[in-house]
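We just call them A, B and C in the order they show up, numbering each chain from 1.
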C-alpha cells in the first residue's frame, strides 16, 4: 500500500550525522533480536562445541567395550545414557557421532553450494544458449530422486566420509543452481548493474562485486537447510549400512540398534533425537536468517 | 467553512505510526460536489490522511485524535462491519497504480458487478448490465464487447477508467483519488482527469484529489490544501492560491516548477530551489518548514504556527508572510536563488 | 568538426514472446560538444532503449553509433572500455541504481580503479572533491545508499557519472522519481555541472516542459522513431507535428485562468500492433488516407527544424 511509502525515509539518514550506528553493529543487533535465529544458533553452537571437545570429554576410545551390554539409561552412573549390545558407552558414541554428522553435513553443503553457485551464476548471467544447456543438465539431475542418486554414487565407490559427502553434494547442487540463476537473472537487469557496465567493469567484476553480494542472502538460507538435509541423508545411508564401519555416526548407531528395537528402543531413539535436534537447529537458523537477510527488513 | 453544509469534515486529525506522527491535527472539509486537492511531496502525510478517511490505514498506524465525519456520520466511531457498508457505496477510492489495483484473474465486468452486488440487491444479470453502462460512462469504446476482457488486455489509461467505473458504481458522495494519473502518460492524464471532472458533475460527487502536480490542481480542482511534514500549511480557493500563494512552501513549490506557459530555458532562467529535503523536519520544534524557509525568523523555531483563517476560505500557517500587508509583501520568488544572469 | 556523438539509422529489437518489438526503429541524430539534446516521448516509445543502445548496454540490430569520430557500434568489452570513460549515464530510479551493499566510497573508487586513474591519494582527493561538488556532506563516503534521501541518492548517481570526467552524459528520466522541490535542485545542479565541465547531455524524459527547459535541441520520439526535431525556441513557438502539438496541449498549466481545451488526441500508444503508413495516424486528429498508407519521413522545414508529417 502506498501509505507505507509515505513514512519519511531518512529517519536514520545522513541528515543526522554522528547519530549513525555502524552497519556491522546494527546487523549484529538484528541477529540478536531474532528469537528463532538465537534459539537455533545456541543449539548449533552447543553441538559444534561437543564435536570439537569429544576427545577431551571422553578420552577413552568409544569403540571399546567398557561395560555390561544393554544397560538402560540411569542404570549405571558411569554410563548415564546406558550401553549398547556390545557394551559401548552410548553417551560417548553420541558425542563422537556429532563429528561425523556435522562434517558430512557441512562438506556436502559446501560441495553442493560450490557447484550450484558456479553453474547458476554462469547460466543466469550469460543467458542464451549457455543458460539453456546448463538448465537441461540441472533438470536431468532433478528428475532423479536425490536419495537414489546418492545410493548409486556411494555403492560405486567406497563408503567413506569424503565419498558420502561428495555424493550428497553432487545430488544437491541443482537446487542451488536454480536459486542462484533466478537471482542473477533479475539482478542482471538492475540499474546498478547497468551502471557498472556503463563504467566499463569486466563481467567477472560485475559478477563478484555487484551481483553476488546481493544474490547471497537466499543462498545462505538455503545452505542451512542443505546441511540439515545432508545430515538426514547420511543417517539414512548409515541405516542402510552404507557407511564407514570405523566411523561413529548417528545414523550408524540407529542401524546398530535396529535389532534391539523392541527390547532396548533407547538405542535408536537417542541418536534419532540427536539428528532431530541438529536438523531443527539448522532449520531455525535458516528461518531466522531468512527474516534477517530479507532486503525489505534490512537494518 | 460552514460545518453544516460540509459533506466530509475532518477535524484535528492526527495519525501516528510507531516512532513518528504522520499527520498532525489536520482539519479540512469538502462541500458536496466540490474537488479539493490535497498537495504535498512524498512523505508529507497526504495519502495517510486519505486512507484514514477510508479507515484503511496500515496495521501499525492508528488515529491518535480527531474526528472524521461524512454527512454527519462519525466514521471513526463505526464498527468495521458498518465501515464496510460505507466503503464503495458512500466513499470510494482510486489508487495510483492501475496495474496492481485490479485483480488480474477476474474479468473487468465481473469486478465491476461484484462491487454493485456487494452493496445493492440486484441479480447477476442486472449487475452485468449496469457494468456495461458504467464502462460506457467512463468512455470505454465497445463496452459490451470489452466487458469480458481481463486487465492485461487493457492499456494503463483503460485500466484507470475501469477503476473509476468501479469507484463510481454505487454513486458515492465522495471519491478519493490518490495520485490517479501519476502512472499515466501526459496525454492520457488529461483524458482521465477530464473524465473524472465530467463524472463529478453528472453524478454530483465530491472529489478529494491527492496529487503532487500543481498543474493538475490548477486545471482540475476548486480548492487546495497544501501539506508539509504532516501539517496543512495553506488552504485556499484555486484562483487566489495561484494568483498569490502565501505560505513560503507553497511559493517554493510553484517556483520550483518549470512554467508551462512561459518560454523558460536554463540559459536564461534558474529554477527556484527549496534547499534541503522534507527529512530536515525530523526532530524539529516549531514550524517544520523552518529549516528550508527563506524568510524564517527566530520565532518560527519556537512554536508551531497555527493555521490562521484570513477570510474567504483562505487559511495560512505562516505568521511571517501573512503579517505583512499584501502590497508590501516581498515579491515572489522569495528564495535567494533567483535568475542567475 | 565532427560531432561528439553521431547516431545513424539505429535499430534495436527485442523478442517479446514470438513477436519482435521494434523499440528503436531507424533513428538518426547528432549531439554536439557541450550541447544538451532533449529526447521526449511517452512510456513505451523507445526513448530509454535508445539511450541504453547508445551506451552499448543493449545490443543494436542495425545502424551505427559514432563517438568522437570512432565507430563504437560493434566494439567488444575491452575495446569499448576506453570509450566508456567518455560517456556515462544517470538513471531514473535513485534507489535501484545504487548497489545497496556498497558504500559510496566503493561505488566511486571502483570506477577509478577499473580505469587505473591515479594512486590511492590521488583517488581519495578526487572522491572528496566530487562529493563536495554534487552537494553531499563530506561524511557521505563511508555511508550506504539506504542512509540517503531520494534527492541525495540522485546526487550520488551524478557523482558516479562524473567521476570518469566524461564528455557526454545520458540522463534517463533523472528527475521524474523526485519531488518537485528536489527536481529543481537536481536540474540546477546539472546545469551548473554542464557549464563547469562543458558536458553534453542526452536528456531523456516524458515531461515536455522539463525537456524544453533543459535542452538546447529537442527530439520528439513516437513508436521507435523521431517525429520532430527542433531547437527549444522553435519547438515552443512553432511545433509542427500533430503529436508534439498534442503533448504541449496536454501539459496542465499552473494558471487556473488559462482554460484548457479538449484533449487533442485520444487513445494511447500501443506498441504491439502492426502499423502501415504514419505510426501516429490512428490517434491523429488530422489524419488522411495518405497518412494511412504512406509513411512520412523526417524532412527539413528550415532552421534545423525537422518533422515527419506529410502536412507539417
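Keep this in mind: a residue touches a chain if its C-beta (ideal position, glycine included) is under 8 Å from a C-beta of that chain, and two chains touch if they have at least 3 such contacts.
The chain list, named the UniProt way, goes like this: A = Peptide/nickel transport system permease protein; B, C = Peptide/nickel transport system ATP-binding protein.
Keep in mind that what you see is a predicted model, and the values were worked out from it rather than measured.
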{"item": "Highest-count interface - the chain pair sharing the most C-beta contacts", "value": "B-C"}
{"item": "Far-end chain from subunit C, centres as C-alpha averages", "value": "A"}
{"item": "Gap in Å, rounded to a whole number, between the CA centres of subunit B and subunit A", "value": "51"}
{"item": "Distance between the centres, which are taken as Cα means, of subunit C and subunit B, whole angstrom", "value": "31"}
{"item": "Centroid distance [mean C-alpha coordinates] between subunit C and subunit A, Å", "value": "48"}
{"item": "Set of subunit B residues in contact with two or more other chains", "value": "42, 277-279"}
{"item": "For subunit A, residues contacting two or more additional chains", "value": "9-10, 13, 15"}
{"item": "Shared-contact residues (touching 2 or more other chains) in subunit C", "value": "149-150, 152"}
{"item": "Of subunit A, residues touching subunit C in the complex", "value": "9-10, 12-15, 17, 20, 23, 190-192, 194-203, 205, 209-210, 213-214, 295, 298"}
{"item": "Residues on subunit C engaged by subunit A in the complex (per definition of touch)", "value": "52, 55, 57, 77, 80-81, 84-85, 87-89, 91-93, 96-102, 110-111, 114-115, 136-137, 139-140, 143-144, 146-150, 152, 157, 160, 164"}
{"item": "In the complex, subunit B residues that touch subunit C", "value": "41-42, 155-158, 185-191, 194, 212-216, 218-220, 238-239, 242, 252-261, 263-266, 269-275, 277-279, 337"}
{"item": "Interfacial residue positions of subunit C with respect to subunit B in the complex", "value": "36, 42-43, 149-152, 179-185, 187-188, 191, 206-210, 212-214, 232-233, 236-237, 246-247, 249-258, 260, 262-263, 265-266, 268-270"}
